[in-house]
Every structure is written in structure tokens, then in C-alpha cells.
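Some structures to go through are shown next.
First chain A sits with chain B, and in the next complex the same chain sits with chain C.
What follows is the complex of A and B.
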């Protein structure tokens, strides 16, 4: 089933179930593989989850829901699209999707990098506790909701409710924002921000200087409840 | 959780392996809904012909029985063909008697439920997986121009054939809906539509979407207008597909709570809850399915 090609182990997933693919990946990693290419994936769910490894796993096709969940160190590359819940609770490592992503991408990650070349569905990067999410295209409804730490870079547009009730962390948007969520505040990016964006996007072939980035942070007015601001709380809740 | 799927063939001769495509997609979505599955398929209409699909209570009818349905229909219209499979009867008739045919069949035949009447549409649905239904009703043999499918995981109403999707917008010929989600203002909307004279066949919240859209279309609104209005008039979570004799429309709720993707090329459009169902029937890696945004509506119609 698997064959070694110049350091890269090729795994043909044609006709294999989620479990069979994950078991094969685990076996190859146990045998010391550091670079695995998985061919003929057709949207199977829960692929490459909970991997504690430094290896690179490259899916040549689209994966389904909950791919790369709880990733801890692996470099996971997906040439097609991914479904909902990519890299949920990632601890570290790196996930790259070169197509589009479904809803709930990079939810609650604590570290590492998640890169989406295309568009994301709703709720991208909600409740992030660290790490970086880079979206080459646009982000859907309520992205960055209740974000607690970390960075989201959206090169395209953001839909309604961006950064709603975020505690901390930073969102950068290169396109238009349909509407900000409760207590998300637009700020002017500093030179330091621009340097960071230039560096972060360069390796993905995106020229940060061609985009007019906005910086979004928490207004921190929802940190403590206040009876003096009933309108703020009514709209936030 | 439920699975929905749709296919629309483009072009001047828009007939393809519709049944096979929908069965394959719904089988791939089986885990999203293991209670029942169903299809609304649109084949080439014949002159002066309406297709009628009737479900018979298996407690009252043995397999292959059902001539009483043809007799009841024969009181109002001319029956030109009769077929029976499983506990399902298929008639070809020359008219729907201005919407009265379904009521007549159900009045006359105890245990009969009319699933659909249309010039080109037939609804085939039953308990179990898509593959099981295909074994009995041979859905995969059907050639057609477009259609929708569903795999159901029941949450609000009972698990039986009548409460399975697709739902016909009775008595409007050729209109059906499949839905993933939960309509929370169902009772209010249903009362409103009943006051306008519409009737409901089940207690399933998804049926209200079909009747709501048919009501709008009957009032002269375009499909696009009806879909756009539905996003604010329907409360709750939904990704739904509606099919008419002209094509397919869809809408997604304001919170984007239920998944729906589509992929499109020059020849066809495929839609499904998950990409694996799309990849099952469309292996061109260059076609990139896209997830719909919150509140997004779309339609593909033949003029």
C-alpha cells in the first residue's frame, strides 16, 4: 500500500475509510516516516487528528470535517478543500489548506499556524487562545467571536459580526468588513503591525503592501459588567 | 443533523443519470441521517401526463396491491399507467383535477398517502438508507434534468415514511423541498398559511418551507424573491433546497448553522451538505466546491 519515494512515503487512500487512512498514517509515523503523501482522498472526515509529531503529511485532494484536530507539531498540507472544524484545538505545528475551508476553522487553537489559501466559512478562529490563522480569501459570519489571544489575518473581506465579544488578540483585515461585532474596535495599524504582516504573508506569496489592512481589537468595554451602559449590553447579548 | 443533496443538469438536452447521482450522494451522506432517505426527481415531461406517487400503509396493503388507488383516481381523471413497487404506487394520469386528485385518492383509499403529483416530478422516499430504497424502487435507473435528495435524522417529528423528505408543496404540482435544520416559528407560519387556505399533510416543520415557497410562487413572486424573503420569514436554522419544474433554489440561515456546498461547471451543478458527497459524483479535482455564506440564496432555473 505504501511506497517510499526519495524520503517521501506515498500512501494511496483510494477506497480507504477514515480509520484505515489514520491507522496507516500512524503506522508509517511509528516506522519513522517524516514526509507522507496521501493520494486520492475524497473528503473523508477526521483525517490526521491528534498527531504528536514533527512529520509532514500532505493530502493530495480535499479532506472532510475535523481534519488535523488537536494537532501538536505536525505540518499538515491539504491541496484541496477542507470541511468544518479544521485544526480544532491545535496545540502547535502548522496546517495549510490550498483550497477553501468550511465553517469553524481553527477554533480554540492554542498555538501554531493555520493557513487557508481561499475563503473560510462562518465562525473562523472563534475562541482562539493563541497561534495564528491566515486567510488568503474572505472570512464568513462571526469570525473571531470571543477570541482570547492570538492573531487572525484576513486578506479578503469579512462578513457580519467580525470579532464579536473578543477579549484579546488581534484581527487584521485587508478587504472590507461588512459589520463589526459587539465591542470590536477598528484601529490604525502601526509600522510594527505592517512589518509583522509583511513577514507573515511573504512565505505564502501574498504582498501585504498591496492591501490596506485594518487592525481590529477588543474595545474591552465588555470585560466588566456595567449598569451604566445598558445599550451596550443589550446589543452584545 | 440531516444530509441534503441536489443535481441540476445544464444545457439544451439536460437529461443525465440523475437517479444514480442522487443515490450515490445520499448514500455518502448516510451518517448524517440514518432514519430515512428520499428523492424528488424530474424526468422529461410527457404531453398531457401527470405522475402520481402514492404510499400505502404496509399494515393494510400487501406488496404489489394498490389497484384501489387507480380506481379512486379514475373517478376524476384518466389513468394511463399503473405500476407498483414495495408499498408504493405510481400512476400516470391525464390531469391533477385542478389540485383535487390527491384529496380524492386519500378520501377513497384508507391507508393511502399521496407523496407527489407533478408533470415531471416524482417523490420516492422510505425508511432506511438510500441504497436500500434504490433496491426496492430502482431510483438509480431514473434519467432526469434535476432533482434533490435527503437523508434524515429525525429530531422534531416521528420517524415514518410520511415525515421523510422531500416534502411536496401540496397541491402545487412539481414543487418539493429538502431541509436540514429546525424551523422554530413553524406553528405561527403554518397557522398563517392555513388561514390563506393551504393544507398540511404532516406535523413536520420542513413541510412549512415547501408550502411557504409555493404560496409565494403562486402569488407571482420569482424564485429568487421567494428565497430571499424566506431568509427573514423563516426563523431557526436551515439549509434547504427547493425544486420546481424549472430547476433548483437554495437558502441558508442568517447564522450559517447548517452546512451546504455547491460545485458548478458548464454542464452541471451539484450541491450537498458535505464535500465527500460532491466528490463521490464529481471527481474533477479542478472544480472547487464552495460553502454558502450566511443568508445566501441561489437558484439555477431553465427559462
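What follows is the complex of A and C.
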């Protein structure tokens, strides 16, 4: 099932279930593999979840829901698209998707980096508690909802409800924002912000200077209830 | 006539002779009661809904509306204080490689480190370990001291994912996906700023002092089909070893339970309307959800409909206050009960201690519901170190141990009296209903009758009565 080619262990997943693929990956990691390529994945759910390793795992094809969920240190690359819940609750490590991602991408991550070359569905990066989410394309409805910490970079457009009820954290948007969510406040990026964006996007071949980034943060008016702002509190989700 | 006399007689009756006037009766409106007036005037100041801890104030149909009918001449009891009566309970064998085994059919419900402090959580863990039962984490993640104290721990996966850590998930003995809670199904948790101390804020990755209003929807799944994949993810993350519970606030119980079964849960945790909370808008406590006993009946029918009775275990919670309630819940079909408020009361909640601090909150012992303010006089639902120091760890753990032990003994007492050598053998036939509504809800005959009053049995009686009449009066009108 697995063979070693130039230091990379190649695992053929043709006809294998989620369980069989994950068991095979766990066995290879236990045997000391540090670079694994998984061929012929066809959208199986829950692949490479809760891995605590520094290894690199490269899925050649599209994967289903919860790929790289709860990742803690692994470098996971997906050549195709992915379903919902990519890298949810990631503690650390790095996940790259070179297609599009479904809804709930990178939710509640605590650390590490998640990169989506294409677009994301709704609720990208909600409840993020740290780490960085970079979206090369556009992001869907309610992205950054109740974000607590961390950074989201959206190179394309953002749909309605961006940054609704954020506690803390920062969102950058290179395209248009359809509508901000409750208490999300647009600010002018500083030189420091621009330097950060250039560095963060350079390794993915994206020129930050060609985009007119907006910076979005919490207005902090929802941190504690105030009866002086009834309209804000009625519209808070 | 004087104005006073006119007032007394409402101007319609003949004036009373001097000296005959009865003492005026103060007539309180049933609509605009003192409670309603106070409620409106308080909201007129607050500009928002009211918040409170604890549970609903309402009286709802409950286990007290049932009574056991133990063995007499027609059945043989076991010796009440001596004969063996099993309490062992196994949960989660449907798909998990390592089901959880409890010595008693009782668990400590999920209560967050944040709503409760470290001493309270640790005391619950110590007591649970001595009892051979499990504790449950809460919104805010796992407290290391509680994990060390608890031999068996259930790790909750909540919508907020505050403090969520896959390492802690792997350390757990079971996993509980929280869809909702009985106190406020359909609404997320609340932790007011007064309780978001630096420690709690760090654990939840929040700013210190913020009013934390948790989300109600999970960030990465929404419906039952999604839930099935989420459960698969958690199983893959834990090598298919740990039982997966799904916790539901009692609402549309039959459908919800069936969907959770379809999503491949091992265990259903069903939290009824009487369930408590650390903080909630009070209108939700009083006006959402259905009572625990009603929910239990719906859930058992749902399990039966899908032919998984005994395969998928059912834990019920919400207002379980002693071994009597627990025994009745088991007799109605639950596999175990979960206690939250009862365990806190055993810790000392609402005990007549530090009376002046109750008075500062405007309440008396026995009426305190200030879990949400962080000023708990007995040091349980507070993050204030001075208040927390009032809760002595070893003594607190002893009290919880003693209370749960008494629950177990009470359950065994009823089982033996009903001739059962295992508390799980208690059944609905061992009880009678004391109220019409309890009879209709449970399908158990009203005491003094032989048939339950349910829509089906009432319809059958009507049909039989019409048939009887038709037989007696064959030339009468035909039955429609």
C-alpha cells in the first residue's frame, strides 16, 4: 500500500475508507515517516485529524469535511478542494488548500497557519482564538463572527456580516465588503500592517501591494451591555 | 356619606352603620401581580431582559406526581436493607471500543470552570472518584485539577470551543457534544463580566471583564447530517475508543433523539426544563423547553421506535433532587441520571451560612439565585478568592459523596421493595400516577384505576362505551 520514493512515503488511497487511510498514516508516522503523499483521495471525510506531529502530509486530490481538524503541528497540503470544517480547532502547524474550501474553514483555531488559494464558504474563521487564516479568493457570509484573536486575510471580497460581534483579532480585506456585522469597525491600515501583509502573502505568490486592503477590528461596544445603545444591541446576532 | 364610606362601599352598596365596617380587603390583580409590577419596573431601569442563575421557578409535572406500588401479597420484595441490589451501569457500547462503566447510574453534569471555581470542580471530581461515577467538563474546557481528581471524566464539545484542546479530548473517558441545555434550549451560555477574571479570561481567550455570551450554533456543523460527520471526526481523533454522548435540551425530543441516533451517537443526554444554569435570561428558564419527565417519555418512545432501546443509553437530567427521582427516571426507561444543582446544594449552595452576604444580594438562604453575579456567599459559583476560600475542599467533597451515596441507597430501597435485584430492573409497572396529567404523560394508570389515561386509551374507552350502548339499544342511532 505504501512505498518510499526519494524520502517521501507514498500511500495509495484507492478504495480505502477514512479509517483505513488514517490508520495507515498513523502507522507510517509511528514508523518515523516525515513526508507522506496520499494518492487517489476522493473526498473522504475526517482525514488526518488530531495529528500531533511535525510531519508533512500531502493529499493529492480533494478531501471531504474536517480535513486536518484539530491539527497540532503537522504541515498538511491538499491539492484539490475541501469540505466544511477544514483545520477546525487547529492548535498549531500549517494547512494549505490549493483549491476552494467549504464553510466553517479554520473555525476556532488557536494557532498556526491556514491558507486557501481559492474561495471559502460561509463562516470562515469564526470564533478564532489565534493563528492566521489567509484566503486567496473571497469569503462567505458571517466570516470572522465572534472572532476572539488571530488574523484573517481575505484577498478577494467578503460577504455580509463580516466580523460580526468580534471580541478581538484583526481582519484584512483586499476586495469589497458587502456589509459589516455588528460592532465591526473599518480602520485604515498602518505601514506596519502593510509590511505584515506583504510578508504573509509573498510566500504564496500574492502581491499585497496590488490590493487595497481594509483593516477591520472590534468596536468593543458589545463587550459589556449598555442601554444607551439599543439599536446596536437589537441588531447584535 | 363621607368619602371614606363611599370608597368602602364602591358607591354601590348601602352605607354601613358606623362601627360595622369590615377591614378593607386588598385585592391583588391576577394579571398585574406584585411580581409582574416589580418585573416591569426593574426592566424599566435595566433596559434589557433580566438575568439570573439557578433554574425555573415554575411548578411543572414531575416525578413527585408518581408513586411506587411495592410488593405486598401479589409480588415478593427483596429484603430492604440486606439483599444485593446491583447499581452498575455501562454507557456507550454501541460503537465505542471502550464503554464507560459507572458504579452507580448517576453522573455529575457538565458545569463550567468559570461558572464554578477550581475548589468546587475539584471537590466534585474527588467525590465522583470515590463513588465510581463520572464528572463532566463545561464551557471553558478542562481544568487540570478536576481531571486529576476525576477517575472518569466526560469532555464536552461546545459551540464556543472555549478552552478546547485535542490533548484534553484524548485524555477523556467519553465525549459529550452539547447541542443544547434544558435551562435554555436554543440559546447559548452566558458568563457575565464580573466572573470573567484574568484566569477565566485566559482559559477562554477573552478580554478580562467582558460579558461573554456564547454562541448556540457549533462553528463547524449545523444539522443532523453534519453531526454524523462531526461524530466520525471525534471518533477518528480518539481511535474509536471513547463513547460519544449527544446532549440535548428538551424541546422537540422525539425528532431530536431520533436524529441523534441516526447520527450514530452512543449515548443521549437529555436535559429537561428544570435544568439549571450559571446565568440565563430568566424568561428562557421559565418559558422554554419541556419538563424532564415528559422529555424522558418522548425519548424512550423514540429509542423504541428505532429499535435501539438498550443499545443507545439514555441519561436524563434537570431537577433530579434525590434517589427517588432517580429511581422513577430509571423505572420510566432512563439508564442513568445526571445531577448538577443537587450536587451544588450538597456542596453548600443556599446553605444558611454567611447570612449577611445573602442579605447584601437581597435574598435569603434558600432563595439565592446569584450564580450569575459571582457573589456566591458560600464560595461555589464565584471566582473571588476570598469567597472561594469559604468552600473547604475535603469537607465539600465529603458532602457530595454522602449525598450521592444516599441517592444510591434510596434507589436500591425502591428497587428491593419492588422485588428487583438491580435498579435497572425498575419499570413503569412499579408505579402509579397521582395526577391526571402525570398519568397522561407517562401512560401509567392513575392511582385507583387500572388503565392509563392517554389519548389512545381515552379513545378506546369512548369506542367501547358507544359499542356497549349500540348493543344495548340496537335500534338506536348508529355509532359515528
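The rule we apply is simple: the second predicted complex is superposed on the first by the 236 of 237 C-alpha atoms of A that agree within 3 Å, B and C clash if a C-alpha of one lies under 4 Å from a C-alpha of the other, contacts with A are read in each partner's own complex, and residues count from 1 in each chain.
FYI, a residue touches a chain if its C-beta (ideal position, glycine included) is under 8 Å from a C-beta of that chain, and two chains touch if they have at least 3 such contacts.
Predicted, not measured: the structure shown is a model, and the values here were computed from it.
Undergrad: Check whether A:160 is in contact with chain B, with chain C, with both or with neither, and answer first, second, both or neither.
TA: So A:160 only meets chain B here.
Undergrad: Looking at A:43, would you say it contacts chain B, chain C, both, or neither? Reply first, second, both or neither.
TA: first
Undergrad: Which partner chains sit in contact with A:19 here, chain B, chain C, both or neither? Use first/second/both/neither.
TA: The second partner, chain C, only.
Undergrad: Taking the superposition on A as described, I'd like to know which of chain B and chain C A:53 touches: first, second, both or neither.
TA: After superposition on chain A, A:53 lies in contact with neither partner.
Undergrad: What's your read, chain B or chain C touching more residues of chain A?
TA: Touching more of chain A: C.
Undergrad: Determine, under the contact definition given at the top, whether A:84 touches first (chain B), second (chain C), both, or neither.
TA: It touches chain B and chain C both.
Undergrad: Report for A:126: first if it touches chain B alone, second if chain C alone, otherwise both or neither.
TA: Once the two structures are laid over each other on A, A:126 reaches chain C alone.
Undergrad: Based on the superposed arrangement, let me know which partner A:151 touches: chain B (first), chain C (second), both, or neither?
TA: After superposing on A, A:151 lies clear of both chain B and chain C.
Undergrad: After the superposition on A, what does A:140 contact: first (chain B), second (chain C), both or neither?
TA: first
Undergrad: Tell me which partner A:65 touches in the superposition: chain B (first), chain C (second), both or neither.
TA: both
Undergrad: Once the two structures are superposed, pull the chain A residues common to the chain B and chain C interfaces.
TA: Of chain A, residues 45, 64-65, 84, 123 contact chain B in one complex and chain C in the other.
Undergrad: Once bound in the complex, which stretches of chain A touch chain B?
TA: 42-45, 61-62, 64-65, 80-81, 83-84, 99-100, 102-103, 118-119, 121-123, 140-142, 159-160
Undergrad: Please give the residue numbers of chain B that touch chain A in the complex, ascending.
TA: 254-256, 259, 261, 274-280, 283, 285, 288-291, 293-294
Undergrad: Touching chain C in the complex: which residues of chain A?
TA: My answer: residues 18-19, 22, 45-46, 49-50, 52, 64-66, 69-70, 72, 84-85, 88-89, 91, 104, 107-108, 110, 123, 126-127, 129-130, 145-146, 148-149, 167-168, 223-225, 227, 230, 233.
Undergrad: Considering only the defined contacts, which chain C positions touch chain A in the complex?
TA: 46-48, 160-161, 164-167, 169-170, 193, 205-207, 209-211, 215, 219-221, 226, 229-230, 232-233, 236-238, 240
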